[in-house]
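Quick one: the structure is below, and I'll ask about it shortly.
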Amino acid sequence: MLQRGIWQVVRVLSCLALIVGAVGCGAKSEQEVRLGVNAELTGSKPTVGDSCKKAMELLAEQINQQGGLKVGERQIPLKLFIEDNEDKAESAAAAAQKLISQNNVLAVIGPNASGNAIPAARICEDSGVIMISPWSTNPKTTEGKKYIFRACFIDDFQGQVMAKFARQHLKADTAAVLYDVASEYNKGIAEFFKQFFEADGGKVVAFASYTTGDKDFSSQLTTIKAAAPQVLFLPNYYNEVPLQVKQARNQGLSCAIIGSDSWGSQELLTLGGADLEGSFFSTHYAPDIATPKAQEFIKAYEAKYGKKPDDVAALTYDAGLLLCNAITQAGSLDRTKVRDTLAQVREFEGVTGKMTFKGGGDPVKSAVILQVQNGQFKYFASVQP
Amino acid sequence: MKKSNQASERGRLGGWYWTLGSLALLALAWLLPASGIMNLYLQQVLMYVGINIILTLSLNLVNGYMGEFSVGHAGFMAVGAYVAAILTVAVFPRAWGPVVFPLALIMGGLAAALAGLVVAFPSFRTRGDYLAIVTLAFNMIVKSILENINAVGGPRGYMGMSKLSNLVWVVFWVLVTLLVLRNVIYSNLGRGIIAIREDELAANLVSVNTPRLKIYAFCLSAFFAGVAGGLYAHLLQFINPRSFSILKSTDMLVMVYLGGIGSLAGSILGASLYTILMELLRPLELWRWVVGPLLLVLLMIFRPTGIMGLKEVRWLQPTASEETGWGKVARRS
Amino acid sequence: MSCPVAIALQYLLNALQLGSVYALIALGYSMVYGILTMINFAHGDIFMVGAYLAMWATLFLLGLPLNLPIIFIFLGSLLFTMTLTAALGVSIERLAYRPLRQAPKVSAVITALGVGLFLENFTLATIGPEPRQVPAIIPVQQYSWGGVAFTNVQLLILVVSLILMVLLDTLVRRTLTGMAMRAISYNRVIVPLMGVSVDRIISLTFAIGSAIAGAGGLLYGLAYPVLDPYMGIRIGWWAFIAAVVGGIGNIRGAVLGGYVLGTVEIFTPVLLASSTYRDSVAFSMLLILLIFKPTGLLGRPTVEKV
Amino acid sequence: MMALLEVTNISHTFGGLQALADFNVTLNDGDLVGLIGPNGAGKTTVFNLISGVYRPDQGRIVFAGQDITLWPSYRRMAAGMSRTFQNIRLFKDMSVLDNVRLGAFAHYTYSFWQIVGRTASFHLQERRLTQEALAMLARFGLAGSAQAPARNLSYGEQRRLEIARALISRPKLLLLDEPAAGMNQAETLELVALLRDLHREFALTIMLIEHHMGVVLDLCQRVQVLDFGSTIFAGNPQEAQQHPQVLEAYLGKEENGEHGHAIAEP
């Protein structure tokens, strides 16, 4: 009895799988531009996925309101296929493969975290499908691949920017770093910062780490305080930085605090409050000196979702714009043609500044340094690559 | 009595059927992708299913058959994945790839089996939930060490593997795992392992060498978890320590107990059901992880021992004649 | 800040704060384990829900145009949170665990994993992924005493958790209900024969354990004022480890385990001089402890009746 | 002739409570000795010490010429010892056949590779084991339920299964802990006859704990009486019944005679 029941379940499931497969493959048409979104909707960074999804939905809505994307002579509407990658490598790969095989997308936006972007990039590259990661800063994501692009700069550039800033602008001779040892992004920037800071004649007096999910940093901060650095570098996510800063101040640590683009969210200000006042961080764009294009995006995003876009949203929007722009320029939905156009993009003006691709997948773009002033992000300086 | 025994005899298959069935499955695993009938996504999902079956089968040996509660199986998978990946990327010449792939997998498995000793020795004295913590600690230690070895990329992960895993290899290893575990379970060794679950003290008192069996069980289980890790590494062509966190271990636990403890068929079913269901629920996006756990809770309430807890389909059991060599004697009297 | 004694004291104070939170969560684990011999993996997520409830309660009370005194807001939120998490704990037990009372222990454990996942992702899906900030109901006052920096919030956390722990210990050791709880943990078959309703006692255990987790959530929110839906996972595992290290099922053991874990987490990076290996070293110590004391620090070695 | 089992001065305490003090016993090949005494006298403790469940605080156990005091249980069993339990401890979810086959675990350890490869020698040994187990089950009237899970057996059948499991390893020494507990008169008589046969047929040395004095009187050549962890009498069973200290242990002092029923039972 029981076994018959089980086989029934198996049979039904396999039928379902086949049906899903069949339906997915059947619809191939030029009636729409099919774009995939591979985002971290669940897992340890759901805000990242959420911003990514929202930005793409906004872009699709805007384009479709104008009747669609201009491809050659025609206006073709965008159609998004959104997949959750759970912030897991294998799920990101499966999502990418599903978008390609079942939904037959032209290109995929995302994943964002490098740990997910790298395996997904492998899949897209093998199938010759364009993938643009808005936020993956690990050099390996695009390295040696033809179809993989990103909309952000990479870790070593940013580490260098902040090291230089700390040495030259803050006149710091000693620095301390507190970073998440289990996260590729944080660790990467931390190490590049250390390397460049010391090459520049400074000394990193404390190089402390914690593990993803920790909320108590008092031990590391006490050690850091004992080393008396002139500047504290926190290349960590904006949901952790406020706790770190708060605890640092409670411990009586009063040195300047600087950070990286992972600070770039309004949440940082709501969560961090007054403790962050005066801190600096490097990021992709400055809302207060934004170009008209960026202003427009910020306004539209705020109107639709009731909050300011964070850097992931801005970068995702740029990734989408880059792609749409390339499709229109190529005047075709042929993946190779779009890819070739994309790789030659010059001085493309996006929300996060001007981007130039020199044949590869990494854009050349400038970074800006922002300061927290009166509970706002204020433009401080631009750094050219 | 007599009637039911006859029925069971008919349902059981001999060695020839096994060989033929395995060959047919392997042929199918080669033909379906090669002929283009099965698209890449379905292949990918099926390979996940296969890898999860290997993991679930191997975890079931410790948790289901031996009755311990290991919650750190992803640690073994990590060891196998990294060792196999390092072998194909940095040790063997690249061109040898497909040829040495099975060797790399076996070496990865052996390394994992060696790591299995770390858990096996404490298990002589520590049991139940305390042993669960030992396995958990093992998982955390492996992850933390990997995060600190820059030569394998630390948290940035390790890559450079060719895509050596394919459906044929995955199916092959599923069959190997199934065959080895079935052969072990239906032997003196397996009976001893089950006796540990039933009553460890009594097992000792009927001359079962429980420490040795624990070593066997943990190492064997770790070996296959390691092989699964190697397959995983060469399927994604990228591994990072985060992929082998405690969350991965809990995924495996869910598959084991969903399918049912102490059952090979249950493991196959649990892994397939879980993997396929989670793929099918993809359109729900965020709500997938709300609906999925709810289904799990409901299933546990209505079938507390999992779908096939302590039951086995007949074709996985040895025949009575195979056991006694007496033909129908077992049925008489 | 150069005096090594002051630095050591600073670390100790940090360890006490972290340990208090671990201890409060570990208590719930241990109580449920003691009575059902089941690991309630959803406990960390009940704690998470508690932290959110506390946040909303304080926001609500702060928003009232009454200008309530701080102590009132604090106690009000505490009461509200503890009541609701108790209700949550009891409902989970009723709906998900009670049907499995006769089933193998592990089925209930897996169910608990499922309940935990559900709570996390339901919270995520309904209130969104943005981390939330807990309002600072108590204005942070910094004190420095001989180079040791501490705040009034830290002191409050220590005092409140200590009060809760003493209350619980008294309840379990001195009251009739507590006696019934301990009796059930010894022998679930005999107790009903003495006219004690096992169901009622189990519900009560879940209520108390969850209420304490709720209180833990509130205190945690004060100490680490950023909440996210997955925050219960890590602290849940840590508290589980604390409960086991202390000797699972033992109330005082859970408290001890909580402080031991807090101390290990704070002091290993210091003693190692490098924090990157903290987890490996801390867990290796745990492994070694369990090899030499297989039933935890205060756990009774189980003598099997033959 | 060397003694099969020589227990010298073993003692054991549980958390400060002396459960057994300076216990001595010597068993020669073919002995059939009863260990009796009121509840809590330390009889099962003796078995637990001999079979290695506990380590003695002091003293020495020599079995078949080897000092086994520090050996783990399974090694003692493999050396030719078997025991049953006061409260039956079968592997309840395993089949009756598997229970018996497990009894011979130590005698059939083919290598891991033979198991995985299912070699001819594996099949040969496995078949021999199964045949032996089935024969043993037939002996105890359990062959019909060989494939049934052990938990499905009746109480009496479970007791018999436990003895069958203990015997399949062809032990030199068999320790029986209250084999007749919970059996009715007819079953008890049957058991006594069976034990006598087995004793002869397998050339067993048996030590048994029993409350049914009838069984002890019927079977045992010698008895040893324990009270509060100390031996108060050793010798002929008939004499034991007359011994004043034994009577006192069972009946208590004159004033509380309600414990007396044990020795009066058939």
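Letters are used for the chains, namely A, B, C and D, taken in the order the chains are written, and counting of residues starts over at 1 for each.
As a convention for this text, contacts are C-beta pairs under 8 Å (C-beta built on N, C-alpha and C of every residue); 3 or more make two chains touch, one makes a residue touch a chain.
Bear in mind that the values here come from a model prediction, so they are computed numbers and not experimental data.
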Which groups of chains are still linked by touch once subunit D is set aside? one piece
Computed over C-alpha atoms, the centroid farthest from that of subunit C is that of chain D
Where the CA atoms of subunit B average out and where those of subunit D average out, how many Å apart are those spots? 40
Would you mind pulling out the distance in Å between where the CA atoms of subunit A average out and where those of subunit C do? 35
With centres defined as the mean C-alpha position, give me the subunit C-subunit D separation in Å. 48
Spell out, as numbers or ranges, the residues of subunit A touching 2 or more other chains. 42, 181, 211
Residue list for subunit D, restricted to those that touch at least two other chains: 53, 85, 89
Pull out every residue in subunit B that's touching 2 or more other chains. 143-144, 147-148, 201, 286, 289
Taking the complex as given, what residues does subunit B use to touch subunit D? 1, 5, 180, 183-184, 187-189, 191-192, 194-195, 198-199, 201-211, 216, 310, 322-326, 329-330, 333
Tell me, which parts of subunit A touch subunit C in their complex? 42, 44, 46-47, 49-50, 181, 207-211, 213-216, 218-220, 222-223, 225-226, 228, 239-240, 242-243, 246, 250-252, 267, 270-271, 273
Once bound in the complex, which stretches of subunit B touch subunit C? 63, 69, 118, 121-122, 125-127, 129-130, 132-134, 136-138, 140-141, 143-145, 147-148, 201, 246, 250, 253-254, 257-258, 261, 286-287, 289-290, 292-294, 296-297, 300-301, 304-306, 309
What residues on subunit C touch subunit A, complex-wise? 1-2, 7, 10-11, 14-15, 17-18, 121, 124, 128-131, 133, 140, 142, 144, 149, 151, 220, 223-226, 228-231, 233-235, 265-267, 269-270, 274-276, 278-279
If we count contacts the way the header does, which residues on subunit D are in touch with subunit B in the complex? 51-53, 72-75, 77-78, 82-83, 85, 89-94, 97-98, 101-110, 112, 115-118, 122-123, 126-127, 129-131, 134, 138, 143-144, 146-147, 165-166, 169
